[in-house]
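Structures given as C-alpha cells follow.
Two complexes follow with chain A in common, the first pairing it with chain B and the second with chain C.
And now, the complex of A and B:
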C-alpha cells in the first residue's frame, strides 16, 4: 500500500464533470454587455514598406466603431524575451514595415465580427514590396535583405523590473545582419577530444517547423472601466502573470490596474505563452471606446500568425571510442525564428539546455544562431528545441553504433548520466532514472528480437520489395530530458490555502489549467499535506487579482515549482491547525497526529478533535484567525539569477525530467509509408502525483511526437503557408495512433513535492530520432530530415 | 470566416430548380450537403447571389433496385450509400468508395451527387481570400496565370472525388435535367478534364443532376476501391483507384479489367492501355507488373498538392500491383 492517501492515485479530475457536461467556460464563451468584435488586417506580403494606409472607407461603414493603425498606437515594443541583450522587437501594429505574411497592420472594432471583417476589406494599404529571405542560408548571406535595420533603444522590461543587469548587445558577437540571437557554449577541450576518438562522424539534419494544434483558437476579451481606470482581460493563456507583466508595460498602465483572467484553456503546447498583437489591440480598442472588445482568431490566423516550432538545421560532429564512449561533440545549428525574434533567443539556448543532461560528454562545443527570415514567427512549443536537437544527436549516435557493430541501446547506456552527476553549469542531478528508462523502453518493444531483422543481413537494405517481404519492421530508440521550471518571469510561484469551518479548504493558485490537469494535481498535493481528501479541496485559479503570483504553465514547472508552493502553503495551514489543536487538547504539537480530518493524541486515541472543531476553536482563540496558509517557491531556489542565454552559465533548474522513447515501426516498401506500431515510453517524472494524468501527458507527447516525426510540417513557399488548416496540416488522428506502453520510473526527486518533477514536455522530444532509427532498422535507409514522409522513404529505398 | 451575403432558395420540385437556374443564370450555386460549397463560399472562391437548396426535393434522395440496375438519387448521403443493403451486396466497390470519403461526420451530410460534382482542387486555389491576395488571381479564380506551372490560360487543378472512379468503373449513367430537356450520359462524359470548369454543371447552366443508374455487374465480377493518403481518415485521396476484374472461371482468362484513378488529373483518369495489358491474359505477377508500369505512364499528375508528381506515379504503380494481385488471387 502506498504511504500516501491522496497523491499518486489516478483520481478523477476535478474539472472533469464541468468539461464533460459542456459547462466549462473558455475565453470564446465570454460575452459581456455591449461587447464589440475586433478583427485584424494583415500583410499579404512577406516583406514590404508601408507607404500609406487609408482607413476612411472602413470607418464610414455602418457598425464600425473604431479603426486603429500603428501610427495611432505610437512607439510600443514588447517581446517574449525583453532583456538588454535582446531588446524587444515586436509592435502591436506595424509602423514602417511588415516582415511576414500575416504581420498586423490595422485593427477594427465593430458591432459584429461580420461587419469587422467587411471593414477590413475597405482599408487601403499601399505597400512597397521589398526583397525577402526565406531560409537561414539566404538570411546569413552578406547581400541578404536586412529585416530589422535599426538598433533598438530603450530600457528592457526585465531590466526595469530589476531582474537583469546591463549586458552586451549580441550583435557584437556575430557578423550577420539578420542574426537575432546567439548562444555559444563549450566545456572540456573539443579538439583534443576528437584526437582521442577512434571514430568520427559528421552529419547534417533538418527538423521541420510544426504547429501546436490546440483545439481552442486563440481569443481575447478586454473590458476597460474608465471610471476606475482598470482593465479586465480574459485570455487564452499559459501564464496570467507573464501576460499581465508584458501587456501592462505595452499599454503603459500600472501592473495592478491590469487584471488578467482565464477560464479554461483548450490546449496550448507552448503556443499561448507569448503576448500577441490581437491581445494588445483588444485592450487598446476597449480603452479607446470604453466598451468590451473580443477578438477571436480563425484557424488560418492561429496557424499563420501565432507561433510555430522553429525549423532548425543542425550540423553535428561526434567522436567516439571503439567501446562506444563518446569523447567529443561539436554542434552548430541555425534556427529560423521568422520575421520577429519570438523565442529565438531562448530556443538556441534550450537546444543545449534541454539536451546536455542526457549524455556525459567531456569535450563539447555548441553554437546556436537564430536568424530573422520573412517567415511566420516561431515560439515555444512542447520541448522547445529538444525534439530538433535530439533528432540530430540520437540519429547520429544510432549510425555510429551500427558502424562500430555495437547495439545502440548499449551505447546509450554507456554514456548516459546518473543520479549524483553534476552538470557543467553546476546543476546537480539529485534524481536521474535514465538507465532504468532505457531498459524499460527497450523491453517494451522487445528490443533484441525486434532488431533481429537487420541482423539477418544487409541484403534487405536496398531495393526492398523485390527480394524481401513488402512490410518490414524495425525498432529505434531516443532519449531526452527537460527542466522542471526555471528562473523566468515572475520567477516564483506562491500559493494560499484557506481553511473552512467544516474542515475543508480552498486553494488559491495562479497556475493555469490547459487540459494538463494541474488543478487536480495541485489539489491532491494540498489535500495530502493537509490530511484531507481531494473532495474537500476547491481550487480557485486564473485571476491575477485574487491569486498569488505563479510561474505559469510553461517550462514544465507546474509540478515542482507550484507544487512545492502549494505543499508549503498546506504545511503552513496544517501547522496552525495543529497548534490550536494542541492548545485545545492541552498537549504539545509533537504529541499530535492527524488523519481523515481528525487530530488525535498519539497513544491516546480517545483524546481527539475534528478539523472542523479545531478551525472553529482557532476563530475563537487566536484573535479570530480562521487559518490561512501561505507558501512560495522560486523557479530555482539555489540562484537569484536567470541563466545566461549567451553562454549558458548559471543554474538552470532544480530538477530534470528524463525520458526514453522506443518504437517499433512497419515500413511499406512499396509505398514508403511508415506506421508506428508500438510506442514504448518510459518517463522519469520523479513521482507521479496523479498516475492517470501523468499517463495522459506521456501519451499526448507520444501522439504529438509521432505526428511531427511522420506527417506534420508547416509547408511554406516564399513565406506563404500552404497548409493552414486541419485538413491540410495532417495532424495524426485516432486511427493513426499506435499501441502505447507507458512506464514510469520513480526516481523520487528530493527537490520535488513528494518526489515529483517534470512530465508534460520532455517525452515529445524522443520520437523523431526513435522513428528515424526504427525506419533505418527496418529497411536500412537513413532519413536526415523530418517529417519522415513516404516520399522521402521511397526515394531513399529506390536509391 | 463568415459566409458572403446571398439569397437562399428552397424549391420543392426539380422543375422549379431548373427554372430558377434559368432565371438567374450564372448567379446560382446548388447546395446539397454543403461540405464543399460552404468552404468555397467562406474562402470567397464562390460568391453566388443565389444558393438553391435541394433539401425539399424529396424525389432526389431514393436508392432503389430496378431490373438489372440500381438507381441512386444524388441527394442520398454518403452514409446512406454505405449503409444501403443493395449497394453493399451488389456494388461493393461503390460502398467502399463512399466509406473512404472524409470522416463519419462529413459522410452524414455530404451527398453522392455533391461528391460527383466536387470541384477540382489546387494548393494555390483552395485557400482563403486573404491567402490568395498575396498573388495575382490564378486562372481558375478568374485571373490569367497558373501558379503551379506559371503558364497562362490554363488550369491543372486536380479532381479528387472518391465516388466517380468507382461509378465510372461500374459503367454508371447519370441524368441531367435542363429547361424542358433531359439527357442520360455515361458518367465519364460528365467530366471535361478542364481544370477551370471540371464538369458539365460547373459553368452554371440551367441543368441539374437528378439520377445515377448503375448496371449490375456480370456474375464473377470483382472490384475494389483503394485510397492512398497520409492519414487513415479525413484526407482527400492523393491517389484513389477503382479497379474491376472479371476472369473466366474455366480458363482463368481476364475478360474484363477496368482501372479508374482519382487525384492524378483534372478528371477521373481511366488507364485504358493498362486495362488492355490485362484483358485476354491469364494474370500473373509479370503481367500485372507490366500493367502497373503502363498505368503509371498514363497518368500525368501535376503538383497541385504537397506531393511530388513522380511520387504519385510510383504510388499508382504500387496500387495497381496490389489491387490486381488481390483481385486476381495471384501469389506474389
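And now, the complex of A and C:
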C-alpha cells in the first residue's frame, strides 16, 4: 500500500468533465461584445526589401476599422532570446525587409474575418526581391545573401533582469554573417581520447524540421480599456508571465497594466511559448480602436508561421574501446533557425544540455552553430534539440556496437551515468534510473530474442516475418534525458493556498493547463500535504492578476518547480492550521496528528477538532487570520542565474528525467514501409504524482516521436511550405498506434515534491534512433536522416 | 441574402438565418453559441468539428448550413443527459483519454456512432472508426482503452 493518500494514484483529472462535455473554454472560444476580427498580411517572398505599402484601398473598404504596418508601430523588437549577446531580432510587422514566406507585413481589424480577409487583398506592397538562402550549407558561404545586416541596439530583456551588458559580438567567434548563435564546450582531452580508442567512427546525420500540430490553432483576444489604461489578453499560451513580460515591453505598457487571462490551451508541445506578431497586433489594434480584437490563425498559418522544430545537420565522431567504453566524442552541428533567431541560440545549447547527461564520456567536444536562412522560423518543440542529437548519437553507437560484435544494450549499460554522478557543469544526478530503464525497455520488446537472430549472422527474416522474406522485423533502442525546469523568466514559481470554512482549499497557481494535467497534479500535491482529498481542492490558475508568478508550462518544470512551490504553500497552510488547533486543544503542535480533515491529539483520540472548526477558530482568534499558505521555489535553487548559452556553463537544472525507449518494427521490403509494432518506454520520472497522467504524457511523446521518426517532415521548396495541412503533413493517426509497453522507474528525486521530476518531454527524443536502429536490425540498412520514409528505405535496400 | 433554415440541435428545434456560404460549424459556434464543437483546421482533415447529422458523423466545417435544413444534429453539448455524463464521457475521464481536450468532442461523437452501429468492435475497428480524428496529446492509447471499456461494459 502506498504511503500516500492522494499523490501517486491515477486519479481522474479535474478538468475532465468540463472537457468531455464541451464546456471547457479555449482562446478560440472567447467572444466579447463589440469584438473585431484581425487578419495578417504576410510576405509572399522568402527575402525581399519593402519599397512601399499602400493601405488606402483597404482602409476604404466598408467594415474595416484599422490597417497597421511596421511604420505605424515604430521601433519595437522582441524575441524568445533577448540577451546582450543575442539581441532581439523580430518585429511585429516588417519595416525594411521580409525574411521568410509568411513574414508579417500588415494587419487589419474589421467587423468580420471575411471583411478583414478581403481587406488584405487590397493592400498593395511593392517589394524588391533579394537573393535568398535555404540551407545552412548555402547560408554559411562567404558569398551568401546576408539576412540580418545591421547590428541591433537597445537594452535586452536579460539586462533588465540583471545580467551584465556585454560588448561581445558572437559573430567575431564564428565569422559567418548568417550565423545567429554558437554554443561550444569541451571537457577532458578529445585528441588524447581518440588516441586511446580502439575503434573510431565518423558519421553525418540529418534530422528534419517538424510541426507541433497542436489541435487548437493559435489565437489571441485583446481587450483594451481606455478609461483605466488596462489591457486584457486571452492567449493560447504555455506561460502567461513570460508573455506578459515580453508583450508589455513591446507595447511600452507598465507590466501591471497588462493582464494575461485564463483559458484552456488546446495543446502546445513547445509551439505556444514564443511571442508572436498576431498577439502583438491584436493588442495594438485593440489599444488603437478601444474595442476587443481577436486574431485566430488558420491552419496554414499555424504550420508556416508559429515555429517548427529545427532541422539539424550533425557531424559526430566517436572513439570507443574494444569492450564498448566510449572514450571520446566530438560533435559539430548546424541548426537552421529560419529567417529570425527564434530559439536558435537555445537549441544549440540544448543539443548539448539535454544530451550530455546520458553517457559518461570523459573526453568530449561540442560545437553547435545556429544559422539564419530564408525558411520559416524555428522554435522550441517537445525535447528541443534532444530528438535530433539523440538520433545521431544513438544511431552511431548502434553501428559501432555491431561492428565490435557487442550488444548495443550492453554498450549503453556500460556507458550510462548513475545516481550520484556529477556532470561536467556541476549538476549532480541525485536520481538516475537509466540502467533500470534500459533493462525494462529491452524486456518490453523481447530484446534478446530480436538480437539473437541478428547475432547468429542469419538473415533476421527467418521465422520472424509475417510473410517469409518480404516482411522483416527488428528491434532498436535509444536513450534520452531532459531538464526539470531551469532558470529563465520569471525564475521561480509561487503558489497560494486559501483554506475555507468547510475544511476545503483553493490553490492559486500561475501555471497553465495545456493538456499535461498540471491542475490535477498540483491539486494532488496540495491535497496530500494538507491531508485532504483532491475533491476538496479547487484550482484557480492562469491569470497574471490573481495568481502568483509561475515559470510556465515549458522546459518541463511543472512537477518539480511549481510542484515544490505548491507543496511549500500547502505545508505553510497546514502549519498554521495545526498551530491554531494546538491552541484550541491546549496541547503542543508536536502532539497533534491529522487525517481525513480531522486533527487528533496523539494517544487521545477523544480530543480532536475538524479542519472546518479549526479554520473557523483561526478566524475568531489571532487577527482574524483565515489561513492562507504561501510557498515559492526557484527554477534552480542552486544558482542565481541562467546558464551561459554560448559557453554551456553554469548549473542547468535541479533534476534530470531519463528514459530508455525500445521499439520493434516491421519493414516491408517490397515497399520500404516501416511499421512500429511495439514501443516500450521506461521513463525515470522520479515518482509519478499521477500515474495515469504520467502514462498519458509518455504515450503522447512516443506517438509524436514515432511520427517524427517515420513520416513527419516540413517540406519546403525555396522557402515555400508545401505540406501545410494535416493531410499532407502526415502525423500519426489512430491506426498507426503500436502496442505500447510502458514502465516507470521510480528513482525518488530528492529535489522533487514527493520525489517527482520531468515526464512530459523526454520520451520523444529516443524514438528516432530506436526506430532507425530497429530498421537496421530488420533489414541491415542504415538511414542517416529523418523521417525514415519508404523511399529512403527502398533505395537503401536497392543500393 | 440570408436564408432561414430549421434544424433540430440536441433535440431542440432552432430557426436560424444563415448566409449561403456559412458552414454548419460556423452556425453552431457563432449563431447558437455551441462552442464545444471545435475548429481545428477548417479543411475537413482533423475531425475536431465532428458532429452527428441524422445520426451520422460529419466534419461540420465541410457542411454548408443551408444543406442541413430539416435535419437533426447532435453535438457534444447534447451527449450528457440530465447532468449525467454519457458512459463514453465517463470512460474518457476515468481512463485518462482526455488531455488538452480539443479533439475530445469530435472523438466522443465518432466513438458514439461506432458503438451504436457496432456494439462490440475489435481494436482495429475502433482504430479505424476514429482514424479521422487527430489527437496529438494521447497517442490514442487511452482513447482506444476507454472506448473498449464502454463496449465491454455495455455488452455485459
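Just so we're on the same page, the second predicted complex is superposed on the first by the 782 of 799 C-alpha atoms of A that agree within 3 Å, B and C clash if a C-alpha of one lies under 4 Å from a C-alpha of the other, contacts with A are read in each partner's own complex, and residues count from 1 in each chain.
The definition used in the following text is that a contact is a pair of C-beta atoms (placed from the backbone, for glycine too) under 8 Å apart; a residue touches a chain by one contact, two chains touch by 3 or more.
Bear in mind that the values here come from a model prediction, so they are computed numbers and not experimental data.
Looking at the shared chain after the overlay, A:733 reaches both chain B and chain C. Look at A:298: by the touch rule set out above, it reaches both chain B and chain C.
Within the superposed three-chain model, A:362 lies out of touch with both chain B and chain C [touch as defined at top].
Contact with chain C, but none with chain B, is seen for A:10 once the two complexes are overlaid on the shared chain.
Looking at the shared chain after the overlay, A:213 reaches chain C, while chain B stays out of its contact range. In the superposition on chain A, A:23 makes contact with chain C only, not with chain B. Measured by the number of chain A residues touched, the leading partner among chain B and chain C is C.
Within the superposed three-chain model, A:45 lies in touch with chain B and out of touch with chain C [touch as defined at top].
After overlaying the two complexes on the shared chain, residue contacts for A:671 are found with chain B alone; chain C is out of touch.
Looking at chain A, you'll find residues 298, 727, 732-733, 735 touch chain B in one structure and chain C in the other. For chain A in complex with chain B, the touching residues are 42, 44-45, 101, 113-114, 117, 298, 300, 670-672, 711, 715, 720-724, 727-728, 730, 732-733, 735-736, 789-791, 794-795, 798. Residue ranges on chain B touching chain A, taken from their complex, read 1-2, 123, 127-128, 130-131, 133-134, 228, 230-236, 306-308, 311, 314-315, 318, 321-322. Of all residues in chain C, only 29, 34-43, 45-46, 48, 75-77, 79-80, 85, 89-90, 92-96, 98-105, 108, 124, 126-128, 130-144 touch chain A in the complex they form. In the complex of the two chains, the chain A residues touching chain C come out as 10, 12-13, 15-26, 28-29, 212-217, 264-269, 298-299, 514-517, 692-693, 695-696, 699-704, 725-727, 731-735, 737, 740.
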